[in-house]
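Next, two complexes with subunit A in common: one pairs it with subunit B, the other with subunit C.
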Partner chain A sequence: MFRRIFSIAANTFRETIRNKILYAILAFALFVIGMTFFLADLSVGDFARIIADVGLASIHIFGVIMAVFLGINLVSNEVDRKTIYIILSKPVRRFEFIFGKTFGLSVTLLLTTLAMATVLFLVHLSYRYGGRAEVGIFIASAGIYMELVLLTCLASLFSTFTTPVLSAIFTLSLFLVGHLTKYLYVLGEQSKAVGVRWGSRFLFYILPNLENFNWKNEVAYGGLKSFSILGWAAGYLVAYAACVLCLSCLLFARKDFK
Partner chain B sequence: MMHERPILAIEGLSKSYPTGFWRKPVRVLSDLSCEVRENEIVGFLGPNGAGKTTTIKILNRLAFPDAGKVTLFGGRVRDGADVRRRIGFMPEQPYFYEYLTGGEFLRLCGQLCGMSPSKTESRSLELLAKVGLSMARGTAIRKYSKGMMQRLGLAQALLHDPELVILDEPMSGLDPMGRMEVRGIIRDLKAAGKTVFFSSHILSDVEALCDRVIMLHKGRKVAEGRVEELIGAETLYIELVVSPGLSADRLAAAEIPPEAGFAQGALLVLRAPDSGQANRWIAGLLREGCTVLSCVPVKKNLEEIFMERIENPSATGAAS
Partner chain C sequence: MGFSWRLLPGFALSEIGGSGRDRPGLLAAVSLRPEFAFGFRNVLADIVWLEAVQVAGNVEMTPADYDRLYELLNVEANFDPKFDIPYLFGGLVLGESPDHAQKALEIFERGKKEYSADWRFPFFIGYTNYFSLGETESAGKAMAEAAKLPGSPSYLPGLASRMLTEAREPEAALALLETITRQENDPVRRAVLERRIREVTVERDLQALEGAVKSYREKTGAVPRELSDLVRAGILSGIPEEPNGGRYLMEPGGKVRSDRVSQRLRVFQSR
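Take a look at the complex of A and B:
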């Protein structure tokens, strides 16, 4: 089973790294991150903070673009191009296919996030007015990466039953909502109606809470120095991603290919 | 050597697909039952939309039936890797990962089938040579022609040396030379003890290759049986080719009705209803100084049988 998942993951990785659009997005992301070196000159005061702030935001935005762009086509491309016919006719179970595709894309996103974080780290290190080695950039990027993995899982879930355009809309909607669930909970708790309070609690727990992976501000203000914060976020990612992948597998298990 | 053990048994298979805004179901397969025995070559015939590809998708777990069951190798089809490992499948107009080369794609297939790298490598070389793609092993699939894709599809289906080979329209997109090569490969598979089940609407290929055929029309089986049984022993007519052509007067002198023949260039073609009549006509033609170039009994071909069954599904046949 693991060998087949690994083979599909390796093939997905090969597919994504041979995708020219990915390189175009990555090149643009690296350019923007590199430009923070000059952007800091235009700011007043804490230059290093500007670099970390704008740089991590760039990693986040471009990472989400890559995850959504590649994730929504993860399964639907295989179905549209009918390549899935040959793969599923081999001794491959459908859940192995879903897991393999998701893992393969996660590895690609790991490399692209690492590349962007490394460039930001170097920019931060080499900045002429008080540049320093900021390890927090990698910790915050690890959080961004975990968020991207979760978005990939969500995009692959949608791509099992709907078109790429709708998958993109659903995934981006969850991305936006995922950063606002805390407010949803707080606003719900202020309501006097029991139904609203329970409804907001339900949504708070069922929707992904992407703020669990957001440590950008702590890095920008120099408050994040420990890797221990990764533990809780990783646990949340594993639990939520497992649920999403299981749902994908259930939906995909009895899908007819016309 | 042919065995009686069914390797594939289909019982009462029905399938509908939802279509349109209201998802109204459209029946594409109705109560299909048939079987394929070990070491047979079975042709699955029908016009476009007959339900051939749907049946083949169900056999490969790419679609699920509304009713009925499929038994492969004596056990009900499950998502089991063991059953899949014994089947080779080539879809209609196969599609591949265009960013891979032919060799890389076969390596992926080998990994998915649980083959060792060395075994995959040796089988790939052997099969690419067999399908005439040795030179294109390192070429990206996006540069392959339609015929090359078809050949690669055949190679991946045979890579893991399956017992049952299911091919959906294996001849489509191939030139006459390619079709001949594929026919040869299918015959070789039978000689190696494999079972082949393939769909086609090229009836001449089916007639030349198959031990048995299953005919499908609008999702229903219209005939099933051995080719020779379906075609039957009955002679439709006896065709005589005569030189030179004769005038109406000389035909009358040879006691041949003018409507029994037609001119084909300088020759005359006559169709005698039976061998007695043909003998009498030959005697008359020889009296008139003609030369009989050929005398051939003409039987029904699969195409005629197929059209007959479509027009009249209740027609009795040898093994329907």
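Take a look at the complex of A and C:
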């Protein structure tokens, strides 16, 4: 089973890493991160902060674009090109296909995030006014990567039952809502209606809480020093992603390709 | 409350009337509920901060520029209350305008709430009270508060007592300012302090020249036609050099002004 998942993952990785649009997005992201070197000169005082903040925001935004753009086509591309028939006619179970596809894309995103984080680290390090080796950039980038993996899982879930355009809309909506779930809970608790309070609690637990992976704001204050912070977030990611992937497999198993 | 779809309003909100008064820019509206920054609070704070730096960097700041700076500093602090430089730099620049000195104090107070153990906030509250508002008592109290906080410079207790005891004399103010400027390591804040030294120097010179004009009038019964008449009459040994590279000019009626400074410091004028 693992060999088959690995084969599909390796194939998906090769397929996505050759995608020219991915390179265009990555090149633009690296350009923006490089430009922070000059943008910081416009500030007064804590110059390197601008590099860290704008750079991490770029990694986040371009990472989300990559995850959504590649994630929504994970299954639909195979269906459009009819290659799904060839794959599923071999001894490959449908859940292995979904897991393999998601893992493959996650590895691609790992490489792109690592490339962006490394460039940002070097720009931050080489800045002439207060530049330093900031480990927090890699820790915050790891958080961004975990968020991207979760978005990939969600995109692959939507791509099993709807069109790429709708998948993109759903995934981006969950990206936005995912950063508001805590606020949704707080807002619901202020309501006098019991139904609203329970409804907001339900949404809080069912929707992804992407703020669990957001440590960008701590980097500017040097608050991110230890990778141990990743542990709890990784646990949340594994649990939530497992649920999403199981649901994807369930929907994909019921899909009729005739 | 509605908002304009522009990221930041291009003018001070107080400048616009009617319904426009209630329509801040998109970032200002989002800053009231920072959760809607979707995890990008710091970068939005930085965008607003860079805009504030551009406004504060104007050579000739108008009252509208000061209003806009105040609003930008508040929007920035809504997004990222822990960013200390906007409080210190923005407050210092706002304090340069006598009409905005109270707003400068609000900015420093907001920073003080976030950094209650940082001596720089009560220090600049004292600075603004003394040099912009002429409130020597409040200034001395704030300086004394700053002197008690860890890391504060050793000259602060002396500065606090001098502020409490000395009158609003430009000469005394210059001595205090020079002490503060010598201790300031940040080049931007140092530049603002040096600008203030030049302003106080101009005020000191103008007061001295106007005093000399008064003596000339008492002596001759006429108003001098030009400042050099004061030297010729033996009242002054020479005309002081204008610290901004300009000249002191005589106006009809005996008033003296600098050709480089449009507004005199009201703090050191008799009430």
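Methods note: the second predicted complex is superposed on the first by the 257 of 258 C-alpha atoms of A that agree within 3 Å, B and C clash if a C-alpha of one lies under 4 Å from a C-alpha of the other, contacts with A are read in each partner's own complex, and residues count from 1 in each chain.
In this section, a residue touches a chain if its C-beta (ideal position, glycine included) is under 8 Å from a C-beta of that chain, and two chains touch if they have at least 3 such contacts.
None of these values were measured; they are calculated from a predicted model.
Visitor: After lining both complexes up on subunit A, report clash or fit for subunit B versus subunit C.
Guide: fit
Visitor: A:Arg3 in the overlay: touching subunit B, subunit C, both, or neither? Say first, second, both or neither.
Guide: first
Visitor: Quick one: is A:Asn11 in contact with subunit B, with subunit C, with both, or with neither? Answer first, second, both or neither.
Guide: First partner only.
Visitor: Hey, in the superposed model, what angle do you get at subunit A between subunit B and subunit C, Cα centres, nearest 10 degrees?
Guide: That angle rounds to 150 degrees.
Visitor: Output check: A:Ile86 vs subunit B and subunit C. Expected answer is one of first, second, both, neither. What do you get?
Guide: first
Visitor: Once both structures are aligned on chain A, how many angstrom separate the closest C-alpha atoms of subunit B and subunit C?
Guide: The answer for the closest subunit B-subunit C C-alpha pair is 37 Å.
Visitor: Subunit C touches which residues of subunit A in the complex?
Guide: Touching subunit C from subunit A are residues 39, 42-46, 49-50, 53-54, 56-57, 60, 175-176, 179-180, 182-183, 210-211, 214, 216-217, 220-221.
Visitor: Once bound in the complex, which stretches of subunit B touch subunit A?
Guide: Per the touch definition, subunit B meets subunit A at residues 17, 57, 60-64, 79, 81-82, 84-85, 87, 89, 91, 94-97, 99-100, 108-109, 111-114, 153, 156.
Visitor: Contact residues on subunit C for subunit A in the complex?
Guide: It comes out as residues 33, 35-36, 38-43, 45-46, 49-50, 53-54, 80, 82-83, 85, 88-89, 186, 188.
Visitor: Which residues of subunit A touch subunit B once you look at their complex with the stated criterion?
Guide: That would be residues 3-4, 7-8, 11, 14-15, 18, 81-94, 254, 256-258 of subunit A.
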